[in-house]
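Presented sequentially are two complexes of subunit A, the first with subunit B as partner and the second with subunit C.
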Partner chain A sequence: MNGLVSLFRSLEGSQTVGRGPGFWALFAIVLAIACAYPLFSDGYTVGNTVYFFVWVFIALSLCLIWGYGGSLSFGQTAFFGIAGYGYGVLTINFGSAYGFTFVALFLAIGMAAMFALLLGYFMFFGRIAGVFLGIVTLAVTLMLERFMAQTAGPEWRIGSARLNGFNGMSAMPPLTIPWPGGPIVLIADIGLYYFVLGLLVLVYLGLRILMNSSFGNVIVAIRENPERAEMLGYDIRKYQLITFVIGAALAGLSGVLYTVWGQYITPSSMGMTAASLPLIWVAVGGRSDLTSTVIGTLVVLAAFQALTIYGSQYALVFMGVLLVLTVLIAPNGLVLGVMNWLSRLISRYRGAK
Partner chain B sequence: MDIATLLFSALYQFGDAFAFLVLSACGLAVIFGMMGVINLAHGEFIMCGAYVTASTAHAGLPLPLAILAGTLVSALVGVLVELVVIRHLYERPLDTIVATWGLSLIATQGTLIMVGSTMAGVGTPFGSFQVGAYSYSIYRIVLFCAALGVLAGLYALFNWTRFGVLARATIQVPHMAAALGVDTRLIYSLTFACGAGLAGLAGGLYAPTMTLVPTMGATFIMEAFVTVVIGGADVFLGTAPAGVVLAVIKSVMTSWQGQLFGQIGLLIAVIIVVRVLPKGISGFVLRERT
Partner chain C sequence: MALLELHDLNKHFGGLHVTNSVNLALEAGEIHCLIGPNGAGKSTLFRLILGEHHPGSGNIFFAGENITALKSFARIHRGLSVKFQVPGVFKGLSARQNLEIALQSRHRGAELAQEIDRLLAFLGLEAEQVQTAGNLSHGQKQWLEIGMAISLKPRLLLLDEPTAGMSPEETHMTGEMVQRLNAEGMTVLAIEHDMAFVRQVARRVTVLHLGQVFAQGSIQQIVADERVAAIYLGQAHA
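Take a look at the complex of A and B:
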């Protein structure tokens, strides 16, 4: 019992919105609805929801690096792409037997993290910050897109996996669990839904613990005032680098799950437009809070998909307008603003009683 | 092939790369150097300049006037953007990046909706000349001269005019300049317009050499960013030397392995430079001087 209480305590803190029995009761209800949801829905809608969930991971990674860490990174889609391609190359070469797809999942995430370690070393140990960080990561992302887009020729192959240039890779095996009665294949349906939902809850709770730990507090201190954090004896470069690598791993997870979901990955998933979308979800949701980011991402994605019916160009213009207006009017994000307003309302109501 | 033609070919490629880097970067560098704002819609200002140049040239205007029109329209759009968006965000440089990114998305997709996926280009003027076994475009030489001209013009503008003095005073200590009666808001507006106009000029100058598509800005911005990051905040001590260094890297890598490796060379250069010289070349030079 004590262990459970301390677990709950480590999930709450000043760095995340939402605390107390009320919030966790709501959380349990939402989770229960999410678990029961496939029973009331058809395969297509469930698959589409998985698609939404996949993007939440990359949004959370940006929330971690930008919202909490204060370093604006446009490189999340680069890590997304690296891990996606990594999974494709590995599974096309080695197949899906003996649970190798899960090994490939971890290896692909590891590749993205290693790349982030290398890039982050040069950036953070060179002490560039602020706008330059954004430009360098953006340049890396665009370069990677251009590089992958020109790999159309037959000489661009890794083992038996052709990179296929602008058309991208496809037909990699989905995640497969080895099982005594025959392997269970997680196609974009109920199986994958529960797998991704479980991962999402784990990542969300894990990030809550991380951000409310002393590590998270140091990260926020660095965002607020790097010099002061340094004077207090923290090596800010290491903290920033670790945050960057964790963020890259999350973005990589998103990339692998995307590749698994649609069984394809293309260079355009690393392009300008692709890089801008996570930024919009996180900015509109509320970049300095995990819960707002998750809600914001799901809401904006749903709105975007609804608008795409009228043509994706119009939807993108709308997204751009939304982003500019959010930055001008509600710089902390719309969802976070609403949540703060609600919590003030509740506390005033309690005070009146 | 003898040494002279080889040398000429190398020089030509260097000049071409230098012109591209300097022309695409100087608008960005002016805005960043003066205001600390990174304009992610820079590529879209270039696109705007190119589109206006092409459409006025189709309407019958001679090319130099059409380029001038592209420059002016971009500058006007720059004033508008500064008034509506950038002005409110000077205290928050990271948010300016995000907002201008949103603007770039709107501009790209808006152009795609209104003008369509491509626009008829303008032919490259002046033809070509022959040195040794290869033929070279005269227009590329014109572009190189234009890049030098832009640098000289900017030097004159910021050192010899009243606007230049006021602008430099405003960057150094904004509130002091304001106390002495300088309208700093107007200076910021004009500086932003100047940067946007330079982007438009780059677009206009390159309009005859490339296909006009709504995403054409993306082909410029990587080079522009890299030059500004390596150069640092000062246009003359930063952008110009960064242009020289990067042009050497780019032309050598391009002639060795092809276009893409030229760009990869730039990227590796920038990543190493941020580790060694975080404030760019101009930061290094200025520190040496003091």
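Take a look at the complex of A and C:
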């Protein structure tokens, strides 16, 4: 019981908006609705919702590195792509038997994380910071995109997996759970929905605990004043590197889930448009808060899809306008602005009573 | 034994010789003030001691250990701590959180909360603890950063203009606080322009001029030194 209480304590703190029984009751209601939702919907719509959920992980990675850590990474899509292609190469070569797809999921995320460790080491210990960090990471993702773009020929293969250039890599097996009565295949439907929803809740709560811990305190301190943080005895480059690697793993998770969802990945997922969209979701939502990031990302994605259906290319222009408006009206994010306004309203109402 | 020793320290910025063969020995338990005109190389000397800059030549010893090659955070672990010239607080965080970040590596849980409360009371910032540090007055920011610096319980505290922007009363209070900390065993090295503060606390004074140690001695000796008056203290003290 005590353990449960202290677990709940560690979910709340000055680093995350939303606390107290009211917030968690709302959280439980939203979660219950999310769990019940497939029962009232069709397979296609549920699959489409999974697509939205998939992107939340890369948004959270940016929230962590940029919003909390203060380092703008413009290239989270590099890790997204590495993990996505990694999963494809592994499963096309080794198949889906014996639960290997889940091993491949972890291996692919591991590849993205290892790459981030290497890249991050040179950036943070080479004292690259601020706008230069953004430029380097953007250059890396664009380089990867250019590289993958020229792999259309049959000579570009890893084992039996053709890289396929802009035709995209496809036909990798979906996540498959071995089961006595026949394997359970998580196609982009209800099964995958619950799997991704579960991951989303785990990652969200895990990040809340992380950011409200003493580790999170140091990360925020580095954003506010790196020199002061170091002069309090913190090895700031180590903290930045760990944050960057965790972020890369989350972006990698997004990449694997995206590949699993559509059984398809192309170099465009590491291109300029792909790299800039997560920035917009996170900036519009509120980059310095996890909850705002999740809500903002889902809302903007849903709006973006609706616009793409009806307005095609104008959707991207709208995204640009949205970013400019956010920067002008609510630089800390629209969703975060609304949430802070609501909490002020509630506390005033309580005070009046 | 000397707590901090600088041996023949040199630093160039391009053609500018900002630290020119500086030798300085700081006895454990003393309050030492570093004075000198603007551009004398006082803050650069602090950065060298803290490892933010690395000397072109020369060595830095702390408690007998050569720390010249150590990174900044490692020097802090050895027992150094600093308050910067421009208040280096975490502006977007509350005053309480500022202190929490400083204290969390030594204390946990309820003990941490108690320590923060104690430090807030010591600094007289209890009423401001939920305020965002960026919204505090200049003096309060100075206090908050001094609080963060001393919370590490350093053996040597470096203060870069601790009383800048403070009223005479606040300056005097800061002086008293420095003396209290020193009585508890903390060695202090302070850069200061406010001679009232220097007179109040300093046991020894070093005058830097053009990157070199120009004069050294008790405050009486320094004030009486005509050469110092000529380059720095000027007519006011002549």
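Definition applied: the second predicted complex is superposed on the first by the 352 of 353 C-alpha atoms of A that agree within 3 Å, B and C clash if a C-alpha of one lies under 4 Å from a C-alpha of the other, contacts with A are read in each partner's own complex, and residues count from 1 in each chain.
Basically, a residue touches a chain if its C-beta (ideal position, glycine included) is under 8 Å from a C-beta of that chain, and two chains touch if they have at least 3 such contacts.
Every value quoted in this text rests on a predicted model; they were computed, and no experiment measured them.
Within the superposed three-chain model, A:Gly233 lies in touch with subunit C and out of touch with subunit B [touch as defined at top].
Of the two partner chains, neither subunit B nor subunit C is touched by A:Asn167. Considering which of subunit B and subunit C touches more of subunit A, the answer is B. Once the two complexes are overlaid on the shared chain, A:Thr45 sits clear of subunit B and of subunit C alike.
In the superposed model, A:Val220 makes contact with subunit C only, not with subunit B. Judged by the touch definition given at the top, the superposed model places A:Ser14 against subunit C, while subunit B stays out of reach. Once chain A of one complex is fitted onto chain A of the other, the partner contacts of A:Leu72 are limited to subunit B, with no touch recorded for subunit C. Using the contact criterion defined above for the overlaid structures, shared-chain residue A:Met319 touches subunit B, although it does not reach subunit C.
Residues 32, 36-38, 40, 85, 88-89, 92-95, 97-99, 101-106, 108-110, 112-113, 215, 218, 221-222, 225-226, 228-229, 260, 263-264, 267, 270-272, 274-276, 278 of subunit B touch subunit A in their complex. In the complex of the two chains, the subunit A residues touching subunit C come out as 14, 214, 217-218, 220-221, 223-225, 227-236. Across the complex, subunit C meets subunit A through its residues 50, 52, 71-73, 76-77, 81-82, 84, 88-94, 97, 100-102, 104-105, 145, 148, 152. Within the complex formed with subunit B, the subunit A residues making contact are 70, 72, 119, 121-123, 125-128, 130-132, 134-136, 138-140, 142-143, 146-147, 150, 272-273, 276, 279-280, 283, 313-314, 316-317, 319-324, 327-328, 331.
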